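Just passing along the structure, written as C-alpha cells.
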C-alpha cells in the first residue's frame, strides 16, 4: 500500500473512532460504547473544516496557508493532508514549490526532511512513479 | 507485535543502553564497554522520575500534566508514555479526553495527528480491540 | 502600573477590538467600522473558554493543564492568564510549584526565563510585594 | 513613538550593524571595524528577500504565507514585518483576518496573544487610531 | 537494511528528486520533466552545506552545533545526519555524549525519545552491534 | 540602565526568589515565608550549571552549544545568558558569528529578530557603543 493510501486509511479509521457514533467506537469492558471525542473535540474538528472554505481568500490559497504552517511546525501528516487538499483545489506544482520555499526560508534546514517527504507525497498525489 | 509492546520493548532496551552497567552497553573496538550516559544524563533521568511522584498534586494529575505538555510539544513517544502512566495511576477515559481537549485547544489542529495516535494507544492500554 | 494590571488592561482592550461590536472597533477611512474577528475567530474564542469549565476534571486542574502547556510552549501572556485563572480557581502555591516543575522537566532550561516571570506574576496575583 | 515606528527603526539600525559596511558597524577596542555578518549571513538575508518576489504566486500571497508561518511559530517581529509587507502588497483586511484564522486554528490558543499584537500593528499600518 | 542504510538511501534518492537534472526527476503526464526545486531551494541547499565548512570553528564543532540544534528542535533525520557528519569529522563518543547532555538540559525530557534514537544511530555509525 | 544590566539584575533577583533562603523570598499573608522552588526545581538548576563545566568539550564550546540551542528555540534571555558566558569563556567574535550562522541556517528566518538582539547584546558585553 502506498504512503498515500496508508495515510488516508488511518486518518479515516481514527476520525471514525474519535467522531463516529456508538457502533463505530468499539466497546468498554462492560459492553457500553468506548468514549469518543467530547463536545469540545467535535466542535474543534468542525471549526477546522470551516476555516478552509472559500472566502476573501480562495480555498486553494487557504490550503497553501495551511501547508506552510504545517511545514514550519514540522507535522508530516498535516503536510500530507494539505498537499492533498491543495492539489484537489487546483494548486500547480509551481505554486506548491514556491510554498515549500517560504517554509524552507522561514523554518530553516530543519524543514528539509519534511520537504523530502512532502515532495514524495505530492508525486503520489499526482500519480507520478516514485 | 502491538504498538504498545514495541514501544515498551524499545524503551527498555535503549534505557539499558543509556543507563545500564558495562555488560548492558556492548563494547568498543578495543573491547572496553561502549560509553553510556554521563553523570548529567543519569541525574536528569532520576530527576525526571522524581517529578511525577505524589505531592501536593497526585501522581495521576501530574501524569495528565506530563501528557498535555507532551501533546502540545507533539512527541508521540512521550504521549504514549504518559497515557500509559496516567492509566496505571487510575485516570478515567473521561479525564483523558478532557486532557486531550486542553492540548487540542492550546496547541491547535497540528495536535490532531498526535491525538489520533494517542487514542489508538489508549485503546491498546485498555485492551480494547482496534 | 503593575505587570498584572498592564496585562489585564491590554487583554481587555484587544479582546474588545477583536470580538466587540461596531462601536468598539474604531472606523475605516470611509467611516465604516473596522473589521473584527470572523465567525471562525469568534467561535474559536468561545470554544477556548468552554474547554476550561468543570467536567470530569475540575476547572482548577484544567487551568493547571493550560498552565503547563503554556509554559512548555513558552508564551508569557498565556502563562500569566492561566496563573491568574488557577489562583482564582483555588490552586495553592504548592500545587503551582509542582506544575512549574513538570514544565521545567518536560521543557528544559529554556523554560527558566518564563518560570522567573511566572513566579513574579504569581506574587502579584497573591498581592505579595515584589 | 508608535510600535510601528520603533519596529522599523530598530530593524533598520540592526540590519545596518549586521549587513552594513565598516563605517556602519562601530569599532573594536583596537580601532578596527567590529565584525558583521559572514558571507553565509549575508547570503541568507539576500535569499530571504528573494523568496517573496512575484512568481507563480503573487508577492501578496507569499507575504500571507510568511505571515501565517510567523504566527504559528509565534515571532512578533516576524508577524509585524509580514503584516506590513502584506498591506503594502495590497492585502485587504478581509484577507488578513482569514490568514489570522488559519494561524489560530493550526496553531491553537497559544497564538491568541500574538493575534492581539498583530491586530494592533495592522491598525497602526492602516493609520487607524488605537 | 539497517536504519543507517535506509536513512542514507532515502536522503540520496530525494535529494536527487529535488536538486537533480531532468532525467533524475521523473516526468509529468505530458512527458515533460517533473518540477524540481526552484532557484531559492537550490541556493538554500548550497548555503546549508557551506555553513558547516572549517572556519574560526572547526567542521567538527560546527557539526556538534548542528546536532544540538537538531536535538532541541527534535528532528530525527537531522539528528542522524549530524551524528554521522560529526563522527566523520572525528568527534569522540565522549564529545557526543556531552553534546547530548546540553540538548537534554536545554530541551528537557521531551528530547529523551530522540536521544534514544540518536544513541542507536551512533552505534550503527560506529559499527557496534545493536 | 543598559539591557545588559537589566538582564543581570532581574535574573539575580528572581533566582534569589526561586532558590534563596526564607529571608530572600518575602512572606505569605500569615507571615510565613513565601514558597520557593521545590527540591526538583533546585536540583534542576544545579544540574543545569553542571552541564556547562569543562569536560571532553571545553566550557567555551559548551556555551556555544547552549547558545545555538537557545537561538533555534528563540529564547532571548537564554541567548543573552549564553552570549555572556561564551564571551567570559573566551569566545571570539568570529566564533560567535559562525555559531549565529548555524542557528540561522538550521532555524531559518524566524531566528533573525533574535539574531539582531543577540548582536546588540554582544556589543554591550564587549563594551562597544551601540
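Just so it is clear, A, B, C, D, E and F label the chains in written order, and each chain counts residues from 1 on its own.
The criterion applied here is as follows: a contact is a pair of C-beta atoms (placed from the backbone, for glycine too) under 8 Å apart; a residue touches a chain by one contact, two chains touch by 3 or more.
Computed from a predicted structure; not experimentally measured.
Chains making contact with subunit A as well as with subunit C: B, D, E, F. Overlaying the C-alpha trace of subunit B on that of subunit E calls for a turn of 120°, given as a multiple of 5. Ranked by how far their CA centres sit from the centre of subunit C, the chains are topped by E. Using the mean of the Cα atoms as each chain's centre, the chain most removed from subunit B is D.
For the pair subunit C and subunit F, the distance between mean C-alpha positions equals 25 Å. Mean C-alpha positions place subunit C and subunit E at a centre distance of 38 Å.
Between the Cα centres of subunit D and subunit E there is a gap of 29 Å. Counting partners per residue, subunit D has 38, 40, 44, 47-48, 51, 55, 69-70, 72-73, 78, 94, 97-98, 101, 104-107, 109-110 as the residues that reach two or more other chains.
In terms of which chains touch, the assembly is arranged so that all chains touch all other chains. Residues 47-48, 51-52, 55-57, 61-62, 64-66, 68-73, 78, 92, 94-95, 97-99, 101-103, 105-107 of subunit C are the ones that touch subunit B when the two sit in their complex. Partner subunit E is touched in their complex by these residues of subunit B: 10-11, 14-15, 17-18, 26-28, 34-35, 37-38, 40-41, 44-45, 48, 69-70, 73, 75-78. Of all residues in subunit B, only 72, 104-111 touch subunit D in the complex they form. By the touch rule above, subunit F contacts subunit D in their complex via residues 74, 93-94, 97-98, 100-101, 104-105, 109-110, 112-113, 115-117, 119-120, 123, 126, 128-129. If you check the complex, the residues on subunit C that touch subunit A are 38-40, 43-44, 47, 50-51, 55.
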